[in-house]
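Lettered A, B, C, D and E in written order, each chain numbered from 1.
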Amino acid sequence: MKDIPAPSSAPNPAPDTARKLVEVRDLKMHFPIYGGILRRQIGAVKAVDGVSFDIFEGETLGIVGESGCGKSTCGRAVLRLYEATAGSITIDGTDIATLSQEALRKRRPAMQMVFQDPQASLNPRMTVAGIIGEPLDEHTNWNRAKKLERIYELMDAVGLNRDFANRYPHAFSGGQRQRIGIARALALNPKFIVCDEPIAALDVSIQAQVVNLLEELQEQFGLTYMFISHDLSMVRHIADRVAVMYLGVIVELAPVQDLYDHPQHPYTEALLSAVPEPDPSAEVRKDRIVLRGDVPSPSNPPKGCNFCTRCPKVMDICREIAPETLEVRPGHFAACHLHTHDQTAG
Amino acid sequence: MTDIATARPPRNQWWDVWDQFKTHKGALVGMIVFLFIVFFCFVGPYIWPYSATYIDIRSRNQGFSFAHPMGTDQLGRDIFARMMKGGQVSLAVGIVAMVLSVFLGTMIGVLAGYFRRVDGLLMRLTDLFLALPLLPLLLVMSMLFRQPLASIFGVETGIFLLIVTAIAVTSWMRTARVVRGDVLALKEREYVLAARSIGTPPRRLILRHILPNVLSPVMVSATLMLATAIITESALSFLGMGFPPDFPTWGRLVADGIDYMQQYPSRAMLPGIFISLTVLSVNYIGDGLRDALDPRIRGR
Amino acid sequence: ERGDSGHLNVIYWQAPSIMNPYLSGGTKDVDASNIVIEPLARYNPRGELVAWLAEEIPTVENGGVAEDLMSITWRLREGLLWSDGTPVTSTDVAFTAEYCMHPEGGCAQLRQFNGVESVEVVDDLTVTVHFDEATPVPYGPFVTGFAPIIQAAQFADCLGARAPECTEANFYPIGTGAFRVTDFRPNDVIQFEANPNYRDPALPHFATLTLKGGGDAASAGRAVMETGEMDYAWNLQLAPDVIATMAQGGQGVPISAFGTLVERIEVNLTDPSPDLPPETRSTREAPHPILSDIRVREALSRAIDRELLVEIGYGVAGLPGCNLVPSPPAFASDTNADCVTQDMDRARELLDEAGWEVGGDGIRVKDGQRLVLDYQTSTNAVRQDFQALIQQWWREIGVEANLRNINASVFFGGDPGSPDTFQKFYADVEMYANNFSGTDPAAYLGQYLCGNEPRPDTQWQGENINRYCDPAYDALHDELGRTANTEDRARIARELNDMLVRSYTIIPLVSRGRVSARSVTLEGVDLNVWDSETSGIAEWRRASN
Amino acid sequence: MFTYTLRRLLLAIPTLLFIALAIFLLLELSPGDPMADMPLTIPPEVREQMRLALGLGEAWYIRFGKWLYMFSVVEPSHVLANMTGIESLAVEGQRIISFQSRSPVADIIAQRLPQTLWVVGLSYILGILIAVPIGVYSAYRQYSWFDQLGAFVSMVGFSLPTFFTGPLLILIFSIWLGWFPIIYDTTLVVDSWHNLGLQIRQMAMPVFVLTLYNAAQINRFMRASMLDNFTQDYVRTARAKGMTERVVVLVHVLRNSMIPVVTVIALGIPTIFTGAIITEQIFRVNGLGQLLIIAIYASDLPMVLTLSMVFAILIVGFNLIADLMYALLDPRIRYD
Amino acid sequence: MPDGAAPVLDVQNLKTVFRVRGGEVHAVNSVSFDLRPGELLGVVGESGSGKSVTMMSLLGLLPSPPAEVREGTVMLGDRNLLTMGAEDMRNVRGGEVGFVFQDPMTSLNPVFNVGFQIMEPLRVHMGLTRRKARDRAVELLEIVGIPDARRRLKDYPHQFSGGMRQRVMIAIALACDPKVLIADEPTTALDVTIQAQILELVKDLRQKLGMAIIWITHDLGVIAGIADRVLVMYGGQVAEQGPVRELFANPAHPYTRALLQTMPKLHGTRDDKLRVIEGQPPMLGAHPTACPFRDRCPHAMEICARENPQRRPLGGNHDVACHWDHREAAL
């Protein structure tokens, strides 16, 4: 799906009311590799290699894929925590990719991020109040009392006891820490939050707490999420639409029900079948698609379709030409020659 | 995540550090010894009746006595008082040189680690300083700037400044490297990213998120530096490149006392022991601090 | 019997770096090279000139020195051989002069050849040195260890700018001395063996000799007196009680002798105030506001206890000094001995007389000016002890001294750009030691002539450190230059000495001797301060037991 | 790896040039004068003459250029000629001459190298041999009395300045006990058992002092590195495979721990050459360190400059070697 | 599942304590279970419930200090592993019991090649010659599905991907044909597709080699797929134990029930809200005198605070440690 135009119309759960909050077009993020005697650039890790998608106001877009496929990079590039190599990112009508640093700083409150590792994303030497209040320090000139008021408000919102305001992160459990991270993200009333695997580091029994919290907050504040995860079941639970990434590109993007029930891309199929079902009786019956081999290196992706090295349904054409993204069903996009074939044939 | 301590009262980080520090016996003893030495050198002179420079020619070369607990030297000056005075200089040199060197090292390390653009340049600079043969450089520097500085600031201050900067300028590299390494890692930590996503500008980001977290390697190299600075100063004095002979420092006292090693062994031994004791105690403090500042060891 | 004493170990804590005294002024190098190469005449330990390679000492009486004092003729001993077996001739002598006087050679001993116009080879064994003016004491060229004869054949290619390239010759000179070099390691160790062609077949007593360098004076002394590892240690600049303790080791004994070296305080007669413009600061245009008064200078001198200084700083290697020229005995004035006793009352009296009243803090004041002096010296443990002591004595008479010490290499470095050289004398008083080579003080006393003072237009070169200027002194010195008779010379020199000392322009402190140490088993050692310490090494022998 | 090495070598050239210039200018600016320790009896004109004869009359950049040429062309060719015995290899031209001895600096350095290598090198090797096993065992028995004692001794080891321990040892072992000589005889040739005995006796004290210091330092690195590795997962794996403790510690952990230690050791090698200035001075082992300090005192510019430069080259070289060693020992690292 | 056969591994009353600053951590409390030949026992439980510590206590792999195995017996056949001498223990480790650790990235020694690491136990336990050991190593790598095995023996761990490293770890554990294989979360760090590969592999191996396996995980899905029997741990003790279908069908312990409910499903209807287990995991500061789950238990009774429930059989080889009777509630 290199160099293809963006999907003309993105699938929309409620076409009449929602508007596009985020529009990403052909986003590329290449990390240069240097080498040789003079340290010239000799290549690049193509962590994200041309992805396009929209996120509508109030919805949750799930992004799934294997480790290293570029999910985090994509999420960070969307918030311009990385300087994207190419592509445009429009959030709430402004092209983020070209803003000056100062202008970008002004727009930061509208877009926030929740991180994967609740331990690593909190400065161990700041108190909870300090951490949650940091965005306020940066973007408001409120007095202490007002800030504190807001901090307490946020702590209430994420279900943290106000008494904890002066403690340090190490005195909290993982779930609580993640709540602190969420409170920080909420501090400036953002519209859009990128959640980068917010539950991956948490224990199963805690994961549900955090996901529920995110859902509640979405309802309460009308937030829009980009929810990155590799836990397919959890994505199914929380997302409205899901994009499946493989080696820096989106191979399939569809409304959640559609995707899980009728996956159109062989990779999505394999991914879904690989998830173990917590049901002994169901498991025995199922024919699991086991992919052979490992994900190729993003610095040296295979020619043609990125997935051709592991695809169980690989065809000759896949090794030659990268497939285009097509709307195979209404609102359901896939990039696979199986469908190109169908279409040209039919 | 098995996190205990939901009911622990809020308290400062440093209390935890202190708690862990206390459990390190060596460090605790080191701390007490070091404080004692500092007290001896800086408060002692106010209590002790003799001045370090007062010559009582009639009571030359005396042994230990009540009036002169460490005896007197060849001019009848009270060695006890000279030890205090010498300690002041040695400690001051050690501390100031340490602060300077750690400051330089941290600053360069942070800049190099944080700003990719200057990284190459600063690291080449660090390599360059690492490749400079230190002692010759130190000697040449002390020879070179001794007089100009002495004439601007006066002999004592001039040489003090000289030695302190010489030591600092030739010893910041290790700190810089360690700090840079840490900053490179810290920069990728999610809380730094989080701060950036909030829109925190680099200056505040460094001050608020990076610096406090490189504190522990910095503290450790600081204690090591303090020890090396004291030794370097005394080595310089021993080689005749440090403070002038009429200006007592522990290093000078050792150097002067070595000739008398046979008649009055204590004259070289006492300052020698004080130097070792200081260095030793500072090293133990450093050890304890390293443990206490390491969250893995400190535990949560 | 040559070589019957076996092996000799000598230690110099300053290691010799070259065997050619013409390329290095350092005593260590001169001493080392004098084991191998020798002059025509030397001073013996009593300061008398004795013929060495020459047949006899030329004088006016024996006709060796011309009546007009314009030339001197030396005659070599007969049958002298270089250590390589070739004969020593007058060409070698003449070559030596040529070598040192070469304008590009940078000869360190050029002063020995001062005033030499030409060196004429008369015959194989005779040379005549012609001076460009009447020279009453013509014993500079080829006399003393500073100007030994080198072999023309060996150094032929080493003239002028090429001198440093002759490493082989500089390290392994061919000489007439008792030993020859077998192994030379600069700044470390030199090995010698007896010269097979030495003129006295019974000498030297030692077959081989090791001259080790490096370390410090204390451990050198220990190695001789305590562990007995070494036989002879040079110049033990150590505190007296340290030497005394070492001597208890019983393996060796310290030996001492006195030359002309005097530790003194020089008084600045000009104003060193930094407020003055650089052209006049410390020059005769600005007389010193305080020290121009002789009473103040005398008071400073009277307040000093020289015996105590000796006791603390030099012990057996020092004598309380009241003269600028302490020896040889004939030249030493005996009228100033009263300075030895400290007299605080007299000192105070003098200051009172001069109008300096004791102020509130004990420091004297006159016309609102405090009696504060800057007192500088080179960095050196003994000097700093002296400074501290003298500071305390002066304080007792109401004089405050601000002490300053300057790294020796700067202080004596002579760099006209540096404000801290002893010549520039940007201080009120300064302390160091100086001496003269040989036994004749004429040139030394000549330092204090008017016009000889360092000043900006001479790039601060000049030896009249005090900026002393007295026409009477100049006249008397002129007379000295015209006098050849030894007794008259001595009288005039004493007078000159007294003029300087009695005016308290120079305040001598200690007459410094030299202390070395020899093993108890080493005999025949006679410490020579007038010439190089190794000049008698052929006679050194192991005590037979 | 090759390009990496090449790149580092290329980078080293400007670094070294810069160092050379820096040292040269420092020396140039320094107020010391090669004539300063001449007796006062030598008059100023003569001093000036001598100064000119040393080539000090020329502008600094000319002298620097000359020196650079001599250092990078003439001297290496002579060293090469000496080593191979082929005289014709030596490039004609003036060599770097020491102010003090007026002889080629390279020859003196070559002369001094053996004793420095003997004493300092031996103590370095001894230091390693002592420190490594102690470090390993202290780490293995962390907090045991052995470990505590080791930690204390090693801290004492480098908190005692050598100028203090040196004279102390001399006093005890030479003067009171008379076991070892005070003076190091650099001319001693070890050609018999007796001389070997002498050599060992004279080396004993300086080697001891330096060994204590080196061992103290390396021991601490070794211990820390071992401790780091003991907590690694692969150690558990090795135990789970049923390996004996000996194999676990001496094969699995040691091999990993040696990686940083070996580079630290490699980085320390230049100090063998720079010599231990103070120790050499105290025990009169007239090696490179002593040479340097004397040259500094005497303002022997060519000597100081050349020595410093040699040291700088060694440091840069061993830095590179240390990095390459790292890559060799640690399969995870491949520089390119 | 050969029900009647004597267990290969029988753990009774195992108790492991860590001494830490300011007290002790009772990480494993009176854990008992057994493992029959050829059986795959799945162990689940949240993080910190003592799964790893239990298994490592069996083989004495915990660093001591701070760990201390206080009580219990671990019978491997007829020998007690806890009282065994060091030499015998080494023969058990790697010889009779293979161990696969959680993190494939750090569990292999980075500086030795893979061949060396596989051959090590072969040479120690089976006394094979170098050549024989190498052949066997190649064979093992082929068994675990690493292509081009002979060449890859010379490769270092970092040259393998995570999944392949885990295969190497399995190969090492299998090297000496162990009777028991203990796998401590072998797939947690891997992607689902790689996890699927490993799970397939283990299924294959079980069929081929027929060893008994203990498989630790906190993913109930994995357990459901491969285990014969499940052991649920909570707070350092066994909460529930039973055959896999029985346990999934009739979870008896409130914790097990909650655990099954919190997991969102991949198929079927989407729940509006996930069920959560409120509260925090217990602190293991002292020997428990009460039910560790009581604070989070929806069915907590006052007896739960007084008495630590004993395991009671429910029939069908299913037992639970809970005061509350789920069947009552079901009524």
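Note that a contact is a pair of C-beta atoms (placed from the backbone, for glycine too) under 8 Å apart; a residue touches a chain by one contact, two chains touch by 3 or more.
The structure displayed is predicted, hence computed values, not measured ones.
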Leftover contact groups, counting everything except chain E: one piece
Shortest contact path, chain C to chain E, counted in steps: 2
Reference chain E; chain at largest CA-centroid distance: C
Chains linked by the largest number of contacting C-beta pairs: C-D
Distance between the centres, which are taken as Cα means, of chain D and chain A, whole angstrom: 56
Where chain A and chain C are represented by their mean Cα positions, the distance between them in whole Å: 89
Where chain B and chain E are represented by their mean Cα positions, the distance between them in whole Å: 51
Mean-CA-position distance for chain B and chain A (Å): 49
Overlap residues in chain A, where contacts from two or more other chains coincide: 173, 203
Touching two or more other chains - residue numbers and ranges from chain E: 47-48, 280-281
Touching two or more other chains - residues of chain B: 1-3, 6, 143, 147, 258, 262
Residues of chain C that touch chain D when the two form their complex: 11, 15, 17-18, 20, 23-27, 103-111, 161, 163-167, 170-171, 183, 185-189, 191, 210, 212-216, 219, 222-223, 226-227, 229-230, 249, 407-410, 412-415, 418, 432, 434-437, 461-463
Contact footprint of chain D on chain E as seen in their complex: 56, 59, 61, 90-95, 98-99, 101, 103, 106-113, 120-121, 124-125, 156, 158, 169, 172-173, 175
Residues of chain D defined as touching chain C within the complex: 31-33, 35-47, 49-54, 94, 97-98, 100-104, 107-108, 111-112, 170, 174-175, 178, 181-183, 185-187, 281-282, 284, 286, 290-291, 294, 297-299
For the chain E and chain A complex, residues of the former touching the latter: 46-48, 161, 163-164, 191-197, 199-200, 218-225, 244-245, 248, 258-260, 262-267, 270-271, 273-278, 280-281
Chain B - residues contacting chain C, complex: 53, 55, 57, 60-61, 74-75, 143, 146-147, 150-151, 155, 240, 244-246, 256, 258-260, 262-263
